[in-house]
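One structure is given below, encoded as structure tokens.
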Amino acid sequence: MSKVLSLHDAVERHVPDGVGLLAVGGMHLQNNPMALVREAVRQQRRIRRLLTSPCGALNADLLIAAGLVDEIATSYVGFEHLGLAPAFRRAVESGSLRVLECDEAYITHGLGAGAGGLPFAALPVGLEVSDVCRANPESYRLVEDPFTGTQVLAGAPLRPDVALVHASEADVAGNAVLGGAHFLDRVMALAARTVVLQVERVVPTEQISRHPVGTTIPGFLVHAVVEIPGGCHPTASHGHYRTDEEHLRRYLSLAASADGAQAYVDDYVRGTTEAEYLRAQHPAEARHAREELR
Amino acid sequence: MSAAGRGASDAPGAGVTSGELMAVELARQLRDDDVAVMGTASALPQVACRLAKETHAPDLWFVAGGTCGVNPHLAPAVASCCDEDLLRADTAVPLSDVVLLEGRGDVFTVFFSGGLQIDAHGNCNLVCVGDWGRPSLRGPGTVGLPFLARVGRVLIYTMSHNPRTFVERVDFLGGPGFLDGPASWEAAGLPGGGPAAVVTPLCTMGFDPQTLRMRLETVHRGVTVEQVVDATGFELVVPAAVPVTPDPTEEELTMVRRIDSGGLLKGH
Amino acid sequence: MSKVLSLHDAVERHVPDGVGLLAVGGMHLQNNPMALVREAVRQQRRIRRLLTSPCGALNADLLIAAGLVDEIATSYVGFEHLGLAPAFRRAVESGSLRVLECDEAYITHGLGAGAGGLPFAALPVGLEVSDVCRANPESYRLVEDPFTGTQVLAGAPLRPDVALVHASEADVAGNAVLGGAHFLDRVMALAARTVVLQVERVVPTEQISRHPVGTTIPGFLVHAVVEIPGGCHPTASHGHYRTDEEHLRRYLSLAASADGAQAYVDDYVRGTTEAEYLRAQHPAEARHAREELR
Amino acid sequence: MSAAGRGASDAPGAGVTSGELMAVELARQLRDDDVAVMGTASALPQVACRLAKETHAPDLWFVAGGTCGVNPHLAPAVASCCDEDLLRADTAVPLSDVVLLEGRGDVFTVFFSGGLQIDAHGNCNLVCVGDWGRPSLRGPGTVGLPFLARVGRVLIYTMSHNPRTFVERVDFLGGPGFLDGPASWEAAGLPGGGPAAVVTPLCTMGFDPQTLRMRLETVHRGVTVEQVVDATGFELVVPAAVPVTPDPTEEELTMVRRIDSGGLLKGH
């Protein structure tokens, strides 16, 4: 049974309005599953809690700009060398967005605990001195190490209800190949109850089979596959295209004000179909292929 | 020589920019047996590591966190730590493995750090300015900075040497330096070695072994001690004699510019 | 600086006599680092505690047959469809070998905890009903989950002093490619203080660089590389040769008695160099190449 | 028809071996929405899964633990769960991921199990016979059997149907079945569903819903109920009527023999 769905149907069926914990894959300005994120904006999906990989960027900021996020669990939202995240900043500074302050270790090990059905993740000694755990007592607690008797930090398991993840290619059964870096995308897919994949292309299973152990996501974890070449734009897709920094700068400059952010959401997301957006913003000529990354 | 170090136009030597000089200074901190890791927006430490590896530290290892390329070849260096070009490397590992190994504590000997705020004891903060619950400036977050507590040597760098960045105490302790000084540092008994150096467009600093407060080591050519003191928001330890940071050699400069052939460090 | 060493030197320098926790890679009848294991027998390395991947085979049984192992932490020692492990059986039944009874979950997550500097690994609810944790109170303890207040099982971190691991190829700096399945070999390499790699061939770094993320062991974890084509014999090496079941049956039949086990160790290990052994037992014609696995 | 089922020579139908019949019986336990995982020496469940997938359960997933090939193509099936041929598959994952997912509990719906001892409540033991501290027979270990506590349906199979294997209570509880019966099973509140079926060369068994003890469901052609009772070391629940296990269809048999073209199930 094919899991390939249209962008509309994938979001409609698998991203419920008011989703409890929605995880968005990719990292910094790369491999953000932007087509899925934009569609969630078009379908006005309210997100009770959003989780980023250690470093979120437009995948988080756009959802926040669209006013859809109640809370965010993150260790970073920003645009790396391009600047701070304007909607995230504004929402936190104005008190309209609650932050579950996390660090990279907790996000990684918390997702690992979610994937493994582990009750919690004990974290390395020393991490308890940062203020992160005090800012987020919901996710971090102290626990007595039963082997040494000392108090150590524990992180709650992270079990996303839905993960939106980009992969280079997948077959119709959902077996997917990560092109290039993995970031936390494999771990996110292992931990989430529902995985919606956005891919550059759907390929025959034989093409997936050729990839070695450790580079793929098995289809039994995947609920929907959306083929949408270019769909990470304006972020990069490893092996397919680079970050469109010009477009991101335009976003940053618009989103610097609440009105501008609204205008961006209206003009580039709500007021346009994904196909129209990509045709206008990300023509196929802007893409390349580095097969060796895949 | 002009009295600056903050721009390409008025840098010392043969048009050496602050970024280029800082890359050279960071490279000098690296040893042949180091395994270094760096994160967000890390063009500068990328170049520093590649430079060190091609000069005095051929057996150095460095991992560009994010993409996790191991010894990326960097021709040229890239702005984003997640750029696919960082996979042009000796090998590459999944990020989740690098996070594991950061916790192991005995694998990575050098961790590059920075922040919106860096304080007198080398603590770093990338989370917020003001009260965490209602910040006047919300920064991106802590990323992996809490791991600083476990790493051998922390190398801090920033392009912003001013009193807003260099504060007496960080508003949010994301990346631990020497905490509140010797007593608290000793009490915490952290496995790591703490911050080892701070490199900025104005100077290179270390830490006073008694007070564990930041201490001026060298000023970059054209910068005065007074300029550094004015640009620092806390009382800096200033030794009687502060030498000028050694100029990059011709070889170093040529190499930096080959590694940074895209000119990322030119604008700084 | 090249890390390539002769078999003799690698073991002499990196496997101390009386090693505290020695981990052996591979699983079942595949990818056992037998050349390193045989050399440890030749150099009479006493092992205070031996750790297998979830399933050890000849890698463990031979060291036990040679009388070198005080204790074993394992979830399985056997020869899969070929039968039980004769030296292991005899040693445990006679009380000369102490067993730290483990299960697959603990070995995996315990190594993960070792790799991550985590104080311990909290284990999935339900695993506490098996007798494994009661048989091994040193490695398993109960801990109060600070998020739910319930008692859950915790496993102590596994930090091998030395791991002996097979990989398909490596460069002189120790960057290695796992051919075929990973078993727990990557995790073992991540967790061990010292990693000694046995590889089918040493290749230029450029050849390692072509392999995608997730398939390699980075050289900064590796202390020595030993090039020894055929060195997994009589177990298989994925991509290079299959299990020599005939030889294994000979081992099983000999090792069924203590004297026979001694005779095997004398004839096939102590009384022969590795080169002689391979020439006689595993001629190059017995090998093949499935490049697509690598 | 001869009264047996334990060898190629005297099996029912067109020379169907016990192994072949068992593969078919196991396949019948599998559903289209299952995700099954198997471990050590798993030729039988491999064939069963491939057969189910090519007949009534095309969307079934199965993972050959060890190598962790996903839906291995199996032409032919292999004896070792770590054989490189299992990587001829739709895809493959690292073992450490499969171990993670076994703990998640809601991914794998079927777990194949077995043991040196299997008891009246479906508990499995692969560790030892006798006292653990000084066993009369030391087996290999528990491998992943403790995960049985968390999986939807446990399918038990063994080639050894005799009173030494089928005991009232396992000497070492490695893989939990229904523990000591309804009271202890309820008290434990395990997340898994417990054992669902037991397939041997003599018969197929299930569990009595009241007592959670093993119950005879069908006897293989040529085997009598009395033979099964004699071969079982505990008091088996025997319903008034015990049908004969349905013969494999021509299609099933042809397919099993194509999947097992190496004849691994021929010898049993």
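Each chain gets a letter, A, B, C and D, in the order it is written, and its residues are counted from 1.
Here is the rule we go by: contacts are C-beta pairs under 8 Å (C-beta built on N, C-alpha and C of every residue); 3 or more make two chains touch, one makes a residue touch a chain.
None of the values given here were measured: they were computed from a predicted structure.
> By the touch criterion stated at the start, how many steps lie between chain B and chain D on the shortest route?
Minimum number of steps from chain B to chain D: 2.
> Could you tell me which pair, C-D or B-C, is linked by more C-beta pairs in contact?
When C-D is set beside B-C, the one with more contacts is C-D.
> What is the distance, in whole Å, between the centres of chain A and chain D, each centre taken as the mean of its C-alpha atoms?
Taking the mean C-alpha position of each chain, the two centres sit 40 Å apart.
> Find the geometric centre of each of chain A and chain B from their Cα atoms only, then give the gap between the two centres in Å, rounded to an integer.
Once rounded, the distance between the two centres reads 28 Å.
> Got the chain A residues that touch at least 2 other chains?
109, 112, 116-118, 123-125, 180-182, 186, 211-214, 293
> Out of chain B, which residues touch more than one other chain, so two or more?
Expected reply: 68, 87, 92, 94, 99-100, 103-105, 150.
> Mind giving me all the chain pairs that touch?
Chain-chain contacts present: A-B, A-C, A-D, B-C, C-D.
> In the complex formed with chain D, which residues of chain A make contact?
1, 112, 114-118, 171, 173, 175, 186, 190, 193, 205, 208-209, 211-214, 216, 218-221
> What residues on chain B touch chain A, complex-wise?
For chain B paired with chain A, touching residues are 40-41, 43, 66-68, 79-84, 86-87, 92, 94-96, 99-100, 102-105, 126-128, 132, 134-147, 149-150, 172-176, 179, 188, 190-192.
> Taking the complex as given, what residues does chain C use to touch chain A?
109, 112-113, 116-125, 141-148, 150, 152, 154, 156, 178, 180-182, 186, 210-215, 292-294
> Quick one: in the complex, what on chain C touches chain D?
These residues of chain C touch chain D: 27-31, 54-55, 74-78, 80-81, 84-85, 88-89, 92-93, 95, 101-105, 108-109, 112, 123-127, 129-132, 135, 180-184, 186-187, 214, 236, 238-239, 242-243, 290, 293.
> Can you name the residues of chain B that touch chain C in the complex?
These residues of chain B touch chain C: 35, 58-59, 61, 63, 68, 70, 87-94, 97, 99-101, 103-107, 150.
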